[in-house]
Amino acid sequence: MIRVTKRVEFCAAHRYANPRWSDEENRQRFGKAANLHGHNYVLEVTIQGTPAPDTGMVMDLKALKDLIADAVLERLDHKNLNVDVPALAGRLPTPENLAVVIWGLLAPRLPAGGLYRVRLHADDRSYVDYYGEVCRP
Amino acid sequence: MIRVTKRVEFCAAHRYANPRWSDEENRQRFGKAANLHGHNYVLEVTIQGTPAPDTGMVMDLKALKDLIADAVLERLDHKNLNVDVPALAGRLPTPENLAVVIWGLLAPRLPAGGLYRVRLHADDRSYVDYYGEVCRP
Amino acid sequence: MIRVTKRVEFCAAHRYANPRWSDEENRQRFGKAANLHGHNYVLEVTIQGTPAPDTGMVMDLKALKDLIADAVLERLDHKNLNVDVPALAGRLPTPENLAVVIWGLLAPRLPAGGLYRVRLHADDRSYVDYYGEVCRP
Amino acid sequence: MIRVTKRVEFCAAHRYANPRWSDEENRQRFGKAANLHGHNYVLEVTIQGTPAPDTGMVMDLKALKDLIADAVLERLDHKNLNVDVPALAGRLPTPENLAVVIWGLLAPRLPAGGLYRVRLHADDRSYVDYYGEVCRP
Amino acid sequence: MIRVTKRVEFCAAHRYANPRWSDEENRQRFGKAANLHGHNYVLEVTIQGTPAPDTGMVMDLKALKDLIADAVLERLDHKNLNVDVPALAGRLPTPENLAVVIWGLLAPRLPAGGLYRVRLHADDRSYVDYYGEVCRP
Amino acid sequence: MIRVTKRVEFCAAHRYANPRWSDEENRQRFGKAANLHGHNYVLEVTIQGTPAPDTGMVMDLKALKDLIADAVLERLDHKNLNVDVPALAGRLPTPENLAVVIWGLLAPRLPAGGLYRVRLHADDRSYVDYYGEVCRP
């Protein structure tokens, strides 16, 4: 069993604003993040499996990159995450919620058990990890 | 003469859209960048001077950081660059135009000749340099 | 369950010197590291939990940053680790020992089970990971 | 139990070409990677153990670096991976296969259970992880 | 006048071997670099000009990226620099010689005076800069 | 004319304390930096010249690395900059003063005009550049 991680980048706009709260409450709770702003996100997708004897690869990295582009970047890159992403409707566009959404976009298009981890960096100072609904020790 | 560079980060939203063009023209010219999106910008400000004998510093880095925060980040960080920045009115929020705006915000608050270069990275793959209206060889 | 990692930096001085050994023995064992020197440390703190429905966050990153500043950086940043840190008394200020100390400073101030990992980089070529007294597979 | 990771770099040439396939088949399957080319590899070796009370170290980083140099870099650095590495004979020089080979070179020279993970980056956009024949959750 | 830098990556194989010297002499002079090996190169191309009023850009970064891909990467990416690059015939494939070759590939396809600098990193520890045949102070 | 830059790292301890000022004055002026602490420094040395026809190199990078190790690192690496460095006597160990000292250690051991720039990073957020006593535009 080997794990293979592919790293891609995308950029998007968002703001933190709970629609059930007033502007004032959102500003108190989220500070400057209640303003519309944006990020260069770095997404790391980790898959796992056994290398094929003919190619020595768990999955061709070019195919994995194309899959991420088609399943994820097409929906998130150069978007306003508060408006343009149906899968986020009703949820704040935090890295945590984005990671769960990205997992949901990728897992059905990979072999069962093939997706191991979604890691999302919103900047150089923080990142989140999601492993699906299993509980990794 | 020594040059000292301070690096800071900010994030903002923007889109490329010339208001004299139709949506269709903007999309043809700018592609995905015509959508609202955003970036983590990295700003490098370079000053120059002679170290003070008492401190061995051209300028205290904490003072330079505070000056950048007050003069630049206060106006650009967590903003929508198409809407919230008067100094950009009538100009597209490209790194080139941003660098000129940032120069204009910093130069008057530094000694004459003290600001050497403004470098702005919109992502890890590109950056722009502005040296004011002098022509550096 | 989602894991969230916050990265911060601090700098400190230290030397490797076992007080039960002679200077000569310390030099033989630790080489140049027996001299007083210093590092820019990069600390990554990983917490885990379920995002709150109202905010989409496991923990506000600003609150996590403030907690790390108050619990850890206040004690380690701009310090001489051989002299200024009571929690290290009697132990060499290696990354391994520092990671255990940092865990002890953070864990009591987070929900039970909320602290997952302390990662400490002393330079770009090495880092240590500590998961508390549990044994992660 | 603490984990300690040491990062080293090496560079090597390789091409992807299954000797049972024609040049044409290799080109169709592997694209440009069927040409001879090369990489700067970044190798991260993670060991685990309990810090020694006298030194506060799981293993001296200098000793770990020397072990990696002797066991791994001596065989892979500045080599043509398709020709010069007996342990890769009959296998394509993919990161997956390289990680397994590197594990095999290091594990016998460390205490039982002491080697935790081999991570290999072929570029800044991807990496593979190998944990030996155990199955990490 | 603003300078705009675009960063791209490519990978290639090479060895240092002066064909007028014996294998033994090449090995004495170049050490391990006389073996076939390879690198991930990072190329930074800097152009200069005045932003167009309509777009706020010196040159569209996508157009610059496409130009670099067509003029440079097509000839160098996934190649054996000792064999596959006519422009290097008779010269060792050092970063210095590569930078001059890259300048020659790009300058004729940009406006006169538009190309300012070619910077080439062969690894994270070194880079070369070439400014054409002018002498920058 | 080509410029070649070599990057090396070293680590050292220091504190900012003007011996003509009281402890209280030093603390007021320098804040936490008046405490003994330390850094991982990154030093970039840029030389310039014409590549030799036989080797395609301005200077062998291994020879440049060895020169920096012998002339600079031997004096600064794993040192207490306030105590162990005669060339800094009477001056605060700021990056500005260090860059001038490093220039003085390197320039006499390179061909006249061969040393172009000394760049010193004390952390990821700042760096200084020194070009000797010439005034670069």
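Every chain is named by a letter (A, B, C, D, E and F) in the order it is written, and numbering of its residues begins at 1.
Please note the rule applied: a residue touches a chain if its C-beta (ideal position, glycine included) is under 8 Å from a C-beta of that chain, and two chains touch if they have at least 3 such contacts.
Bear in mind the structure is a predicted one, so any value in this text is a computation, not a measurement.
Chain D and chain E have Cα centroids lying 29 Å from one another.
Inter-chain centre distance (chain B to chain D, centres taken as mean C-alpha positions): 42 Å. Of all residues in chain E, those touching 2 or more other chains are 124, 136-137, listed in ascending order. Judged by the touch criterion defined above, the protein chains form a pattern that is neither an open path, a ring nor a star, and not fully connected either. Looking at which chains touch one another, you get A-B, A-C, A-D, B-E, B-F, C-D, C-F, D-E, E-F.
Of all the residues in chain C, the ones that touch chain D in their complex are 16, 18, 29-31, 91-97, 99-100, 124-131, 135-137. Chain contact summary for the complex, chain D toward chain C: residues 1-8, 46, 51, 54-58, 61-62, 134, 136-137.
Residues 9, 11-14, 32-33, 35-40, 77-80, 84, 123-124 of chain F are the ones touching chain C in the complex.
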